[in-house]
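All chains are identified by letter, namely A, B and C, in their written order; residue positions are counted from 1 within each chain.
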Amino acid sequence: MSTLLQPAGASDRRRIWLNAGAILGAGIVGFITFVAIFAPLLAPYDPFAFDLGRRVIPPFWMEGGSPLNILGTDQLGRDYLSRLIYGARVSMIIGVATIITSGIIGTFLGVMGGFYGGKIDDAVVFAITARLSIPVVLVALAVAGFSGGASFTMVILVLGLLLWDRFAVVARSTTMQIRNLDYVAAARCAGCSPMTVLLKEVLPNIATHLAVVATLEMALAILLEAALSFLGLGVPPPAPSWGLMISEAKEYMFFSPWIIMIPGIALFVLVLGVNLLGDALRDMLGTDLSR
Amino acid sequence: MSALLEIDDLRVTFGGTAAVRGISLTVEKGETHCLVGESGCGKSVTSLAVMGLLAKGGKREAARLSFAGEDIREYDEKRMSRLRGDRMAMIFQEPMTSLNPAYTVGSQMTEVLRRHRGTPRAQAVDRAVELLTRVGITAPGLRLGQFPHQLSGGLRQRVMIAMALMCDPELLIADEPTTALDVTVQAQILRLLAELQKDLGLGILLITHDLGIVARVADRVSVMYAGEVVESAPTAELFRAPRHPYTRGLLSCVPVPGKVKRGDPLGSIPGVVPRIPPGFSGCGFRDRCSFAEAACAGPLPRRDVGPAHEALCILPEGVPA
Amino acid sequence: MLHFLRRRVTVAILVALTVLTLSFLLTRLSGDLAISIAGPNATQEDIELIRRAYGLDRPLWVQYFDWLWRALQGDFGDSYFFKTRVARLILERMPITMTLGLCGLAIALCVALPLGILAAVKENTWVDRSVLMVALIGQAMPSFWLGLTLMIVLGLNLGWLPISGTGSWEHYVMPSIVLSFSAIPALMRLTRSGMIEALASDYIRTARAKGLSRLSILVKHGFRNAAIPVVAIAAVQLGFMLGGSIVIETVFALHGVGYLAWESISKNDFPVVQAVVLVLALIYIGLTLLSDLLNAVLDPRLRSA
C-alpha cells in the first residue's frame, strides 16, 4: 500500500532537481580544480609582483577600471585576478590535504571501534566526545599563535587533527552495520584474518559513505582555513589565500567594497559547489548522514 | 429516508495507478457493513477516501458520496474536519502507533470534544472517564494520566475506540481494528463493537480480511477484489450461497466446522492480487479464476443473483454450486 | 533514567578532565613558554628568571598537577598582559559572548523552525527546494565575510546599525545575525526531516481523523514530536556557536571572551587562552548534558524508561 500512496512523478522531479544540483556542484568544483592546477598558465600576471603606482584599481567594468587588470589590483598593486587564481590552489590544497589527514585518523578510529566493539569502541566514542567539546577555531588559532606564527603545513596539520570526528562517527556506525551482515560474518567464519576482513569487506563498503563525509568536511576545512587566514593565523602572507586577501583588503572595503566581494564570492561559490556535490552524493547513496 | 453512508462509483487514483475502481456500497443506521478482501485490494483506501484522509497525491471521484443525506464530495478540508471526529469517526489497524506518544491519553481524548463542542476541560474529562469505563477499561482515572507507551496494544485500541466515540458519532469506520491484537483481545474488541452498536445505534463500516470476523459481526458483506466490489450480500446469504468465484475461493480458505472434514485439504487461490495498470478493463480476477473465458476481458455485468445479493461476474447465475 | 543520567555525568566528567589535560598540553607542547613570554629581545638571563618566576623549571608533571589543582578551584592564574586574575577577565567578558550566543541561537530558531516546517509541509515542491537552497547558501557563507558585507550594507550604506564595538544592544544585531547563520542549516534540515517523519506517522492520521484544526495537527501533534531532537541539537549548537564566536567577535570588535582569546593569542598570554579554551569546552560539555536532559523531559518514553 505504501508504494501505491507514493504519488508518481514526484520522485522523478526530485531526481531531476538532484541532478541539477549535482551537475552544478561538479561543474563548480571541476572548474576551480582546473583553475588551481593550471594557475601558472591561466594567471595573466605574477600574483606576487607588486606595483605601488597602480594600487586599488577597480575591476574593468567599474569606473576607473582598467582592461589591463580585469579584476583590478589590490592594496599593493598586485593583479587581483592572478591572486584569485592562485588562491584557488591554496583552498584546494588545504581542503584536500586536510580531509586526507583527518580521513585517515577518523576512519581508523571509527573502523576500530565499530569492528571490535567493547572496550575499544568505548574508547573511540570517548575520543569523539572529547574531540567535539574542543572549540576548533580557538584551538587552531592558539596552536598557530603559540608555535610562533602559522604556516601552510601548520594549518593542514591542525585542521587535520581536529576535523576527524565526523569521519569517525560515520565509519563507526557503518562498520557496525556491515560487520553484522551475513557475508562478512561468513568471511570471518571462513577463517579470514580480521585484517583481511577489514580491508576486503569493510573498507570498500564504507568508502562511499566516507566520500560523502569527505566532501562536507572539505567544505568546512576550506571555510576554516579562510577564517584562520583572515584572523592572521592561517596561511602567512604573501600567499594569495582568499581569506587573507579579504583580511588584507579590509581597510579599503568601505571605499571599494568589490575588494572584499571578489575573494568572498569565490570562497562562497567553491564551498557551495563542494556542498552541492556532497548532498548529491548523499542522496544518490540514499543514506542520511545528518548527525 | 436515505442511508447513513451512500457510496456510488467511488474511484481513487494515485498518479496513474487506480487503487479503487468504482465501488458502491451503503451503510444504514445501526448496521454493520463489512468490507472484506486481501491486503492491497483497496479496502483501506476506500475508507480513507470516505473520511477525506487520502495521502498526498490521492485523487477521489464519485458519482455519489453522501453522509446522512449530505453530499460530501465537494466539502473542503475545513468542512470535512468539522465532520470528522464529530459525526463520523475512525479507528485504525495500528493501535501501537496511532496514538501520539507525546501526550497523555486524557489530553488526546478530551481534545476531540474541546475541538468539536468547545466543552470545558473538566466536563470533557468526565466524558472520557465515562467512555473508558464503557469500553471496559478499569481505573480510567489512572489511564487518563498515562502516556500511550505505558499501555498494552489491547488497551490502546480500546482507548482509540473510546476516543472515536467522544462526540457520539453516527458512523464509525474501523479499519482492521483487531488485526494487530492477540486473539483473545480480538474477541473482546469485537464484542465491544457489537455492544456499542446495539446501544448507540452506530452505523459501522468494518474493514477486514478475516472472514471469521465477518461471520460474527456483519449484517452485510461486500467482497472487494482489485479495487472493485465483486460481490455484495447479507451475511448469511453470502456464506450460504456465494456467487462470485473469488468469494467462493475466499470461503474455501476458511475451515468451517461440520462442512470441512478432518484431513480435507483447505482451499487456496493461486496467484496474488495484481497491480491494476492504467486503462485496464474487464474482470481483475480473471488471471486467477478457473472459470475465466474470453468475455471476462470485456465489460462486466453487475447482476442481482439473489435477495439483496449482487455479483460482478459474467456467469449469469454465478458459480455452479 | 537515573542510571542513564549517572552514566552521562560520569562521561562528562571524564571528558572534562581530558580537556583540562589537553589545554595544559596545548601551551606546553607549542614551544618553550619562557622564551615566548620573555619576548624576542630577552637575554638568556631574563628567560631563566622568568622560568623560575612562573615555576616553569619544575618537572612537567608537577606543573600539571599544580595547574590542575588550581584550575579545579577556578584559579586560572594571572594574565601576563592584563596583570589581573584570568578568572575575573573571563567573568567580565562572558556576558557579552553569552548574549551573542543566545541572540544568535534565538534568531537561528526563529528562522529555522518555521522554514523547516514549511519545507516539510510542502515536501518536494519548489518551496521545499528553495528552503533547502537557503540552507546550502547559509552553509557556504564564510562568517567573517558575511560580517564585513553586513557592515558595508547595513552599517555604511543604510546606516541602520553601528559598524563595530560594544555598547548598546544595536551592537549585537549584526554579530548575532552572522552567528545565527552557522546554526540555521543544521536546525532547519533537522526540523524538516523530523516534520516529514512526524507528518507521515499514524498519530497524525489519527489527529486528522479526529477533525482537529490544521494548526493543531501541524504544531501540537506534528511539531511537538519533531521538536524533540531539534531542541536537543539546539543546545549543542549553542556550544558550537560560543566556540565559533571568536571570529565574529574579532570582526565586529565585540569584547567578549572570543575577542579576549584572540587578543591573548597575539600577545602570547597563555593562561588566558588556556582558560578560555577550557571554559568554552566545559560549557559545551554542560550543554550536551543539558541536551540529554531536555530529550528526557520532552520525550515521555525516555522519562519513564
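Criterion: a residue touches a chain if its C-beta (ideal position, glycine included) is under 8 Å from a C-beta of that chain, and two chains touch if they have at least 3 such contacts.
Because the structure is a prediction, the values reported are computed rather than measured.
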Furthest chain, CA centroid comparison against chain A: B
Higher-contact pair (C-beta pairs counted), A-C versus B-C: A-C
Separation of mean Cα positions, chain B and chain A [Å, integer]: 55
Distance between the centres, which are taken as Cα means, of chain C and chain A, whole angstrom: 21
Between chain C and chain B, distance of the C-alpha-averaged centres to the nearest whole Å: 54
Where chain C touches two or more other chains, by residue: none
Chain A residues counted as touching two or more neighbouring chains: 10
In the complex, chain A residues that touch chain C: 10, 13-14, 17, 126, 129-130, 132-139, 141-143, 145-148, 219, 223, 226-227, 230-233, 243, 246, 250, 253-254, 257, 260-261, 264, 267-269, 271-272, 275-276, 279, 288, 290
Chain B residues touching chain C - in the complex, by the definition given at the top: 51, 53, 77, 80-86, 89-90, 92, 94, 97-103, 111-112, 115-116, 147, 149-150, 160, 163
Contact footprint of chain B on chain C as seen in their complex: 201-203, 205-214, 216, 221, 224-225, 228, 298-301, 304
In the complex, chain C residues that touch chain A: 11, 14-16, 18-19, 22, 26-27, 30-31, 36, 124, 129, 136-137, 139-145, 148-149, 151-152, 156, 186, 189-190, 193, 239, 242-244, 246-247, 250, 258, 261-262, 265-266, 268, 270, 273, 276-277, 280-281, 284-285, 288
